[in-house]
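In what comes next, subunit A is part of two complexes: it sits with subunit B in the first one and with subunit C in the second one.
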Partner chain A sequence: MAVKLPTVGDATPTQHEIHTHAVADKSVEIVSDSGEGAQKCGQIFGTVSAKMGNGVWTVEIIPAEVEPPPRSPAGASGIRIRLGSDLVTNWGDETNLVVAFNEQALLGRHRLNALADDATILLENMWATHPDDAVRAQWEAGMEELAGSGYRIIEVPMEEECLAVVDNPRRGKNMFVLGMLSWIYHRDLDLTREQIAETFRKKAPEVTERSHGLLDLGYTWASQNLDFRYEIPAAQSDRPMVVMNGNEAIAFGAVAAGLELAAMYPITPATSVSHMLGDVFETFGGVVHQAEDEIAAAGVAVGASYAGKCAFTITSGPGLALKTEFLGLAIMTEIPLVVVDVQRGGPSTGLPTKVEQSDLLAAVFGQPGDAPHVVVAPATIEECFHVMTSARRIAEALRTVVIVLSDANLATGVAPYPRPLMSEGWQSIPADQRPIPEGLKPYDWDPATGISRRFIPGQVGGEHTVTGLAHDEGSKVAYDSAVNERASTMRSRKIAAFQSTLRPPVVNGDTTGDLLVVGWGSTKGAIEEAIDRARGEGLRVSSLHLTFLSPLPPGLKEIFSGFTKVMTVEINYSDKPGDPFITEQNRRRGQLSWLLRSSTLVDVDCWTRVLGEPLRPGRILAAIRESIPRGGRA
Partner chain B sequence: MISQSCGLLHAAHEDDRVFGMDDYQGPVARWCSGCGDHSVLAASQRLLSERQLAPESTVFVSGIGCSSRFPHYMKTYGFHGIHGRALTIATGVKLTRPDLDVFVVMGDGDCISIGAGHWVHAVRYNVNMVALLLDNEIYGLTKKQTSPTTPQGYGTNTQPRGSYLPAMNPLEATLGITNASFVAQTAEWIPAHLFATLKAAYDHEGFAFVRILQRCPHFTADLFEAAVKQPDLVEILEGPGGIRVESLDGIYDNKVEHDPSDLGGARALAQDSEVVRVGLFFKDESRPRYDETRSLSKHSAREKIEILDRELERYAV
Partner chain C sequence: MPSEAVMDRTTDLTGRALDSLKGRIDAFHAAVAAAEREVAAEVLRRTGEEDVKGEQALIELGPFAVGRIDPDRFAQLLGVAEAPLTSEAVDVLSRANSILTGFRAEPERHVVDVEPGGDLRDAVKAALADFGRAYGAARAVELARAGTFDEVAHGHLLGPLPFRLWHRAERQLAPPLIVRVRGEDCLPVGLGEFLDGNLVLVLIAGGPTTPAPLSRLITPGTFVMQTADPESLSRLAETEHPGVAILFDEDRPGQAHFVHDPDAGEATWGRLTVDRMPSEAEVGRGRRVPMWVEEVEHLRALAEAPPAPVSTPGTPSVAVPDAVPQERRAAATKVGAAGGSGVAETSPEPTSVDPVDRLAAWLLSQADLDGPAASGAPEE
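After this line comes the complex of A and B, so read on.
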């Protein structure tokens, strides 16, 4: 039902009743055409909320094109911000409040079932009276389509209002919206003004001034015309916090980890790491090398690492495929290398801007030949920061490749986390600088661990040629089959020795029950929220989240034995039981479940979806209810 | 390519060491007898001795193919990489360790075919190193397949009725790449010219691209047979700033005057012709070098952490 509220054009502020709802958790989406600044608005709103002590998670809604046709459902660009009183770890379920710059962007979200049945919608209504007949017809049709839902649609003359302050409202509407949201959510206006100034610090001062004017306008309009507000109590953390997205956290983490060279080729959704590095890295000592292609990016990183520097390369699925041969070379020559894969939907070009966790098996097994290495997946934005230090250390200690599997959900999700206390030690030079003892060979593998000392060009007495050919301790080409067997054993033993240092993962919830949900990567927050709700319903369900995917941590089989059923929850494809032709034997399963089944011989089931969006806790909860063995209630 | 000194690794050597050719000799090379690779190996070892390069600060990077075994036969640091990608590895080494002398050894399949993208961009990056294209106009290690430089009509195992298309001309192509700074051609059967060319390439400040024509006695023994036997079929480029080899006077007297700063003239001379042209086609040390614009930090670990902490402040809540 569309509600027409009085506009601010009235001489005196409207006296009306305002309902303030105290809630613990609320999400809002801002959707528009590309280039209208919905994301900037949401980012400022999210950051201010974090500064006020709220839990925050923001996710960008990004079309695949830079500027898709305006007013099209598939071109909807925007952002979702979920606020809470406590820590918010994921984007939540359907959204309760939407600000839409046009009805087509709104329809895009409506058709994706992104909105709660009773959502409130603040909709720009300039299209209703647009001079173009076609636009008015689209508006009418759109309103008709939406009429069947239970939404409360409030028409807002955004553009008309903005004209009071700016000539081109398309360039300022987002700040008006920020003002409306600031009133609705009781945001601190001074903090918001500061954040606007920070956001536009590189632009002319008039931009900030104009934005402040629009902010006030939106705030006033909302206070005079809207009848609802939300109060989300916040608790200031006693620890200093920072707020950023996962790609920024990876970039900061890389610098903190002492990585000096980032070699990359532009690819979505990984590229913003290099934007961040390009912005700040070079002011204090790093090189972002934009290579001619993905392969060259890997090659430059391998060359730099061979030369004794700390280098990493960053990419997404298609790029990981191209780098494959270099990963094999780095593993064979035992050159440390950190590779960040910010996963997107696949295969092939797939869903470039959307989340998926489909690169797991490619990351673990993708290199032809036996190529043991390490695969690790951060689960939170905070972990995106710290994983870089771990990855560098592991790569150097083991002289191998470490693949970091992030994804589009972490890459664009923004959330606060405790400010890292960085250490100078993280920057230390990787190589053993002492002279090379007489007779020591470049691969003098310790038979107990497979680990050998790394020689760096420039070290006297260490001259040798590394080679991708099978080679012996002296890096001499192996013409003897026993040498290949021994070298393969040593490269594998390093990984086994490393695995022996890992701790068994900790179960979230009871260590026994009817169902154990196992996840990895960015789904942790959504899974654990679903588990909490399921346990609240009395279901005997727990969860386990894996950080190391290769090697897998110890103790999994023992943990699994405490549960009637084990099931992975992942954002990758699996056949559903009951699908045509599908049997227990030929079913293609979620990627983690393949790994767990083969390593534990436990009949691990899976529930997976590839909808191009982060998992919603409510949907995981539904899957838990459906999958939990009968009689599962306590 | 005279490298900058760098104290990173505190090389523990005495600077009064004197290196003879044998100080750079690795194991006996396993190339066929009569293979041109032997000649390039010897000339390289002679160059290193002539310029007294410390073995520990010299890196030979190669791809895959017969000639890419090259680093194994040197007693320096070496990187026998993957097919076509030697230039990328070498770029990574030189960008981060300007103190090292970097040489890249590639075959024609390696550089002109599978690694063509890297070749084009490495020329443009103009990173200070020596790149040697050992061009025998055939795939040797995989046993006689057509390469991009195999002459049209020349029979191979993959194109037994003769290579279908005109051969690529690596000199012309390289001279066409923006920011090329050193392009030379020499032949392995003229060791004095080969050595003089390697010296000029090493002394160049920038990316020195040298195409070395060479025989494969096994698969293309006939390709350069006439030029080897008849010095008149070889034309030597000479001129101020070029490569002058006096010892060849009286043997190789077919000469052409060329100014290596003349790019148009170089391109004209690089076109296919009845004679084999060797010499310095083009040189311009004023071209921008990527490695000069990109250098690693001089900040201490503490300074870096402090700067990073300040940057982090912008994200503080």
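After this line comes the complex of A and C, so read on.
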């Protein structure tokens, strides 16, 4: 393959006028067919921006199928990168700039109202002159559909330009686009080249060389043909930062927490946790076990924990369902276990690549019988890292199951956060293997807390039969009718004892007002941005974000009593008031709303959406305006 | 007695080798320091006052718990499940801690001198066993914390721990060694047993050595280098494989310069770059020593690429993978020319120099296979 490498410095000086807009916040989407590298381009762009000190949040736009039909609106694959001068906590509202590899992918985003009314679009124009009549007809129809909007569409001969460097431009135009964006956003080209080299370090050197060539080509083309640029000042942090997505953060967090075995079966969007672990876990003494199915993965993790390690298993909603039986066993036998559930849309196969928060009730109540355990939800990518240490410690201390609820938004979103200051204190403490004191039983529950000492196989004096059957303190199968009552009480009491260690959550904003918005998980950034904007409009609104969902933290009822109305905002389904057949009694509500109503007896309302995308602050703001009681303006 | 100039040169090379391996040295000492802190924290946690236990609980729960979990209350819950350490266990922790403290970063600890006439392997073995004390102490700590430390069975962990007893993770974090040895004592074949995990050894050879002492240590997963350029050690420092390098104190014509990088290719000749192959005259240096010649012949054989496949009617062809770059074949041919030892630069026969390929070809020729290849019919 011929490689012709242009040099930026050789570019003809631009003769046209260029307007540089200084902005504090801007988002860009890159959309293409699957396999054209739009996401790779966006990831590099986002990482470089983060390294330059900008706030960054990325959201991958992933079609429902692995390989959807090319040039189809439903098959749009890509990424949104939101940049800011300050911390960016969510993907924002409509995007301001779009780079589209074909007009059909663009239409897909247009029809989902993902574009701002005045968005600028850089569109590959090879389709206008495509030899296939049908393609040309699609192009014309598409352009006609877009004509009514206020977009500024700039046609870019991407593939034609890329031919200067590569024979097959479809395999490289993402780097040309990266070059264009680097010019538009004043990105550091050396940093970008380094990031390209890092990204392709496992490929042949020619790949990096070609990519650098395409980067320079796109940069040059943009400098000679575009008339706008954006300047987003960066506030460099005085602390070293790291840039990663939520799944990578969970993987690194597991290493930092001293977890020693990850058992999993591949499932979108959780799999990349194990990919990252596969790269690094063994170096730190860990093992990644890919089991033959979800059930076996849970079984391996339970077995490893039983043997004295602290193991975890990674899955998504359908996998959580399959693991149910083993989670019940771990809870019944009081074997510590951490379960990471990266939620996607469901039920069943559902929306494998899209975000939802629909596993909450399944995570809290999903096991048959009474199976009390802990459920915790990180809200940011940084928390995805740190939650693993807490989850592991709680699981070991309480001899219970801790479910960590992440989601697809966190899983694939990339954001910078301060480099963790590691502590060896985060590492797992070796299980106590001293001989068991005379008379101590494997479930000698402390009557005050329900907690008992963990026995490890092989401990002198600790021999007992482990059973999933109801059992007494000595792990003997229950024949006495009172045993199950006592054991159930103890398993529940330790969760209550743990709840007594939780602090009441902190309200974002005033502790009294007209509306309290309650959220959990990845929606935190979008909710808090909406709250800030609502308060800017004079609305008396605050928010509360919950991380512990089972047990719920104390003080919720008191917090709720300070507000006229309480409403959850969630990415799961709820019936809309006024819909056919829907009454106050039969209305199915958001899952957190249901949980809060039952635990506080407060009439908690909800606003939820299951559009397969993260919530937008603007839409939450609109819901706040609609939901706030009359006369709510300050 | 080496001259002052020679000693200065050796000191300079040692300093540069230490600089190259600084990252590895730091990583090892960071791990030891972390173990040291962990011991101190454990003693505090399991024997300390209630308020200390709360602080420790907060550390163990990590930053996610800050503001969300009351550490003092959480520590109270732990008291139910975790018994205090026994005095014997505290004693083990204390002894282990003093061992770990003794390892506080001293780069010189990574430099080993082999006495004139001494055994290189023994020197390395002893140095690694001494470093193994850190690993032994860490293991003793784990056993004491788990309540299973037994003086009879585990007492040896608080002394030197031979490399053969290091486990996988320990070998992965192995401390690098810089070994200063006289050229004539530089007989590194016995070092093979230490080339595991991610251990790297730099042998600074003072005075002439045999032409290619490290050629016999070339195995698919081992980084092996002979050089007189200390800058080249950066490659050794970065390898993710076990590695050994000889850094010659002088650039002498009779010494081979080469790099065998496990990441550079699939076949041995693809991974091996020979920058200088001593000529026959240089190897002999007037007194032809068979072992020296063998070293060079061995290196040359490893470096030689198989010739391009030539189909001969009636015999099966031995295919060279498409992935084999032409420049590597050319490089291999150049090695032959530079060496001038009489090895044919290219063979007129279509036979491979790779013994595996030759065996495969012979087996195929013995098999009674009908088909285009066996019958000599043109292939599609």
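Definition applied: the second predicted complex is superposed on the first by the 617 of 634 C-alpha atoms of A that agree within 3 Å, B and C clash if a C-alpha of one lies under 4 Å from a C-alpha of the other, contacts with A are read in each partner's own complex, and residues count from 1 in each chain.
Simple rule for what comes next: contacts are C-beta pairs under 8 Å (C-beta built on N, C-alpha and C of every residue); 3 or more make two chains touch, one makes a residue touch a chain.
None of the values given here were measured: they were computed from a predicted structure.
Q: Determine, under the contact definition given at the top, whether A:T283 touches first (subunit B), second (subunit C), both, or neither.
A: The answer is both, since A:T283 touches subunit B and subunit C.
Q: Once chain A of both complexes is superposed, is A:Y185 in touch with subunit B (first), subunit C (second), both, or neither?
A: neither
Q: Can A:Q433 be said to touch subunit B (first), subunit C (second), both, or neither?
A: both
Q: Is it subunit B or subunit C that touches the larger share of residues in subunit A?
A: B
Q: In the superposed arrangement, which partner chain does A:S500 touch: subunit B (first), subunit C (second), both, or neither?
A: second
Q: I'd like to know which partner A:S423 touches here: subunit B for first, subunit C for second, both or neither.
A: In the superposed model, A:S423 contacts both subunit B and subunit C.
Q: Just subunit B (first), just subunit C (second), both, or neither: which does A:S452 touch?
A: Second partner only, subunit C.
Q: Is A:V300 touching the first partner subunit B, the second partner subunit C, both, or neither of them?
A: In the superposed model, A:V300 contacts subunit B only, not subunit C.
Q: Given the touch rule stated above, what does A:Y443 touch, subunit B (first), subunit C (second), both, or neither?
A: neither
Q: Could you tell me if A:F548 is touching subunit B, subunit C, both of them or neither one (first, second, both, neither)?
A: Once the two structures are laid over each other on A, A:F548 reaches subunit C alone.
Q: From the superposed pair, tell me which subunit A residues show up as contacts to subunit B and also as contacts to subunit C.
A: Dual-contact residues (subunit A): 283-285, 420, 423-427, 431, 433, 435.
Q: Write out the stretch or stretches of subunit C touching subunit A in their complex.
A: 34-35, 37-38, 41-42, 56, 59-65, 67-70, 73-74, 77-78, 80-83, 86, 142, 145-148, 168-169, 172
Q: Give every residue of subunit A touching subunit C within the complex, in rising order.
A: For subunit A paired with subunit C, touching residues are 257, 283-285, 378, 383, 386-387, 389-390, 393-394, 397-399, 420, 423-427, 429-435, 446, 448-449, 451-454, 497-498, 500-503, 505-506, 547-548, 553.
Q: Which of the residues in subunit B end up touching subunit A in this complex?
A: 8-13, 26-27, 55-57, 59-61, 64, 71-72, 74-82, 85, 87-97, 99-100, 117-118, 120-121, 294-299, 301-305, 307-309, 311-312, 314-317
Q: Quick check on the complex: what are the subunit A residues that touch subunit B?
A: For this pair, the touching residues of subunit A are 47, 50-51, 198, 240-244, 248, 252, 255-256, 258, 260-261, 263, 280, 283-287, 289, 291-293, 295-296, 298-309, 311, 325-326, 329, 333, 416, 419-420, 422-428, 431, 433, 435, 456-469, 476-477.
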